[in-house]
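What follows is a group of structures, each given as structure tokens.
Shared chain: chain A. Partners: chain B in the first complex, chain C in the second.
Now for the complex of A and B:
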């Protein structure tokens, strides 16, 4: 039996631990808040100078650059977070001025050096800064950081590579999706999408990658960025890829690309017997494509044995305009034998009546 | 010279916009959220409002709808500010009654020109 004294001691010890931890939390918050206020106070006098720089032109801008390049280290370290934030919020001459300021302060060179530091925080922060600066000379080092031992550094490097918009990074970004040190597909997709049209040729090459995840991400990016010139490659992925996930993403990409070439392969992906997720996405993509030629096939799917395929077909018909709507009204009259088509058609028409078609949530969730 | 209201929870953007517009000769009222924007509109009626779409609490869209719903502010010119990644918000902004929009990243010069263009359009 446990003595009363022991219980009291345990409760008191627990109470003491709670008090100490609470005090520590309050203290740490207080110190951080004080430090933040101190930094803000230090930055305040030079923030005005920074805004002047962003709004200045020609000689006036050069003069202000010299003044800001000459501020002391303490003021710069308080101001630098503002400069870093503004790099992503201003464009044109203002952004160029900030990049020049980083160069004049030696902060760009310091960040390049920091990429190889022992501290993961410094490596990650350096990658972030160089990405914001779109400092392309750092691309090879950033590509190496995709294999960093720290997952946060790998993510920071991937994001930075996207901002640098150098197509040379594409093979490295696709490679870091698999292996012992990976970067999440969402981060890679975002980085590849940020490369812009120049990078899409390299991304399309990724459709032949031996890893299915890399192919899936590549086809997703082509659809997301509207790379219409790569429609043929996406069609090939839908028809011939060995992995269902790649085919599903290819179907979705064809819907987003909206090219007529996507119609036939999408129609070929919807018959019964294909994977249900692929059928749902392909049916939804036919709606996105807006091809009225798909009307009879979509109308036939209204009494599909899979209710999700049938419901998606009904919503896809709505997106085809008057012709699709006429097919829905015809199905809604209940002339078909089992009544499922009429139910789906009525549901879609009712949805449209109360505020337009919903996105095909089921299809998105399926992936 | 016009009185311009800027509502943005990002202090750097708010201060930069205020600096640029003041430099261009306008009087600027800077606030950090939607509720404060509505208060400022009542207390010091501006000639134009620049509203960040995404603000905590009351968004720029909500502020715009409120302004359009009230008779005394129904015709106040409104420019929405949004991030590139949220470009879909632009359409919703126009539906809410905005007159123009600016996408971040923006150049301070462009911002000033847009403000002046909207003000000139309204004067006509």
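Now for the complex of A and C:
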């Protein structure tokens, strides 16, 4: 049996906690409001200088930079979020001025130092800042952060490397897709795609990577960036790679590259028996390719047992122009108007008639 | 008590006396345990929220919004007699910040002019359509509409009435993207909502199969063009109490469970799922009234049975808003329905309860739901009857009882206040001081009458499930928000 004294003690303790919590709630609100007003007051006088800096040139810009570099720490911490926001929005001279301001304030050097701090939050924030500044001298350290023990720091480092646009980071980005400390494929693909044409030679080397995920990402990036000079390698990936994920992304890449060389391997990827996801993507890519030579094969697929393949084939035919449309009409008015092929053909034609074709039939495709 | 007293009272009364004393102790322990579990969950949630807030500057939301590699989403919106608010709801959905997504509205055989309103406003044209049968659908899809001109990513389907789960199944079949987001037609999403709830899929694409978002109480909020622009607490006491309840149970409780790996409920008002995982699990169960939670439990079961590594997570950012009942009658129907759903789910998946094969879900989460959710109304109402009876028969000391009741009330206050404090620290959505006072009033009022009433309604819900009462969704009478008014009467009736 619990003693009454113990219960009384519990009541008193709990009531004390209730009072503390209620006070805490009010205090949190009060302190936050006060802090917000203080930050606004502090940032107000220097915010004007910041906007002047964006428009200034030559000596005027230097003068403003000196003034902004000399503001006290409190004013800088109130202003810094605005500077960071502007960095994402401006380009050219204005962006260069903001980057110089970070340098003059010592914020860039501090971020570089923070990359090796014990605190994961500081490392992550530093990577974010350096990426925003596209600070290429930090690339080697950022590459090391791809193996950081904290997954969010690794992701921040990968994003920063994409913004730095240094092709030297490509092997590291591909390597971080596998192993005990990985970065998600979507983040790596985005980072690699941001490198632009300069990085594509290194990315194409990734097609021979021993890990399938690295090959899949490499082929996806080549398609996304329109690396038409790499079509032969992408075709090879579709024909010969042992992993379905790589072949699926190669098929998608060929559709995006839009080169005639992609036709034959794509046609070879669509017959029944291949993975459904590969067939759907390959059929869609045939539509993107716009090759009328694919018309008979696509028309045959209207009767496919998989409704997603058939629906994609119908929509791909629409993208082939008059010949594809004629094939659809023929299927719609064919000998079996109640059959699968006729239904898919009529559906695609109806969508086209209202101009609302759903081209992105990707439901069965892996993320 | 002397031996003479016992002898005078006789053994039947003595046994009753002992039984009452035992029951009262069970009630006491139960009350302590339920609040302690919530305290633990809130503490876990607080740690998770602080961690998320500190990392928010490098979480990569902006990059995800601009990346062509962010997985596309099909937003599925089932609708039944929603003509009053459907246009604004769809417009708001179409304006969400997300790289690639579509909105699939499934009209579940409305008897009002929901489809006509959509046709007129979005210039929809009926098209012939082949609907895949990836998951079984009871009510046949009778027509599909697409917008003329095409740039609007909207599909509207009309089907025979079959219930919300059936409408969602039709939406899953119509969806063309790998992620499906299930929302209620009256859900109000923040513009970043999809980005926030899709983030776990981008961060861990191989394992995450579902993610749920926070649902806040929209009563009292200012809503403009389908967005909450000024979150406020309801002026109505019932709304305030529910806001506190949502904070503790739905926001912090689920955040805690997500961290533990035992999240069982993703609100039907806003959840994102891998389409292939949902299809593999068989889609929504139209025979279960709590279809949203049932799907999550079934996903756990399916993934564990397949020995697949997976995660079901909860996103803590405040992102979705729903209007809570502002009348007792409507609240009663809602709670009865919820508890019936819970009972059905736990009955259906009873083999998972306490089963080590299902890991933390089987050993922690499901036993918690049985003990502290399913049985809670029985224990609470039993306490209401047995404790006074114990006092009357002298089985419980009155002074002790008063002290205990005060302690129990204070403990519950501590748990709820902590929830409000965490919200105020982390997201501080409510900007006015009067909302803070309102929340404190809600905290104080929750355990006086409200909790006991909901216990009664939940008990009736359990009874409905056990004796197989007809499934009726009931009317959700909406009162609308501060201007512009979204008042709707009678929307949401569902067979």
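Things worth noting here:
One rule holds for everything that comes next: the second predicted complex is superposed on the first by the 320 of 367 C-alpha atoms of A that agree within 3 Å, B and C clash if a C-alpha of one lies under 4 Å from a C-alpha of the other, contacts with A are read in each partner's own complex, and residues count from 1 in each chain.
Everything that follows uses one rule, which is that contacts are C-beta pairs under 8 Å (C-beta built on N, C-alpha and C of every residue); 3 or more make two chains touch, one makes a residue touch a chain.
Keep in mind that what you see is a predicted model, and the values were worked out from it rather than measured.
Within the superposed three-chain model, A:347 lies in touch with chain C and out of touch with chain B [touch as defined at top]. By the document's definition of touching, of the two partners only chain C reaches A:155; chain B does not.
Legend: residue contacts after superposition of the two complexes on their common chain; A:109 is shown touching neither chain B nor chain C.
When the two complexes are overlaid on their common chain A, residue A:88 makes contact with chain B and with chain C alike.
Residue contacts after overlaying the shared chain place A:15 against chain C, while chain B stays out of touching range.
In the superposed model, A:276 lies in contact with neither chain B nor chain C.
Among chain B and chain C, the chain that touches a larger number of residues in chain A is C. In the superposition on chain A, A:52 makes contact with chain B only, while chain C stays out of contact range. Under the contact criterion defined above, the residues of chain A that touch both chain B in one complex and chain C in the other are 88. In the complex of the two chains, the chain A residues touching chain C come out as 2, 4, 7-8, 10-11, 14-15, 17-18, 21-22, 24-26, 28-29, 32, 88, 120-121, 124-125, 127-128, 151-153, 155-156, 159, 184-187, 189-190, 193, 224, 307-308, 310-311, 340, 343-344, 346-347, 350-351, 353-358, 360-367. Residues 47-48, 51-52, 54-55, 82, 85-86, 88-95 of chain A touch chain B in their complex. Listing the residues of chain C that touch chain A in their complex gives 28, 54-55, 57-60, 62-63, 67-72, 100, 102, 125, 127-130, 132-134, 146-150, 152, 155, 175-179, 201-205, 274-276, 397, 399-400, 403-404, 406-407, 410-411, 413-414, 417-418, 420-421, 424-425, 428, 433, 436, 439-440.
Contact residues of chain B toward chain A in the complex are 10, 12-13, 15-16, 19-20, 23, 104-110.
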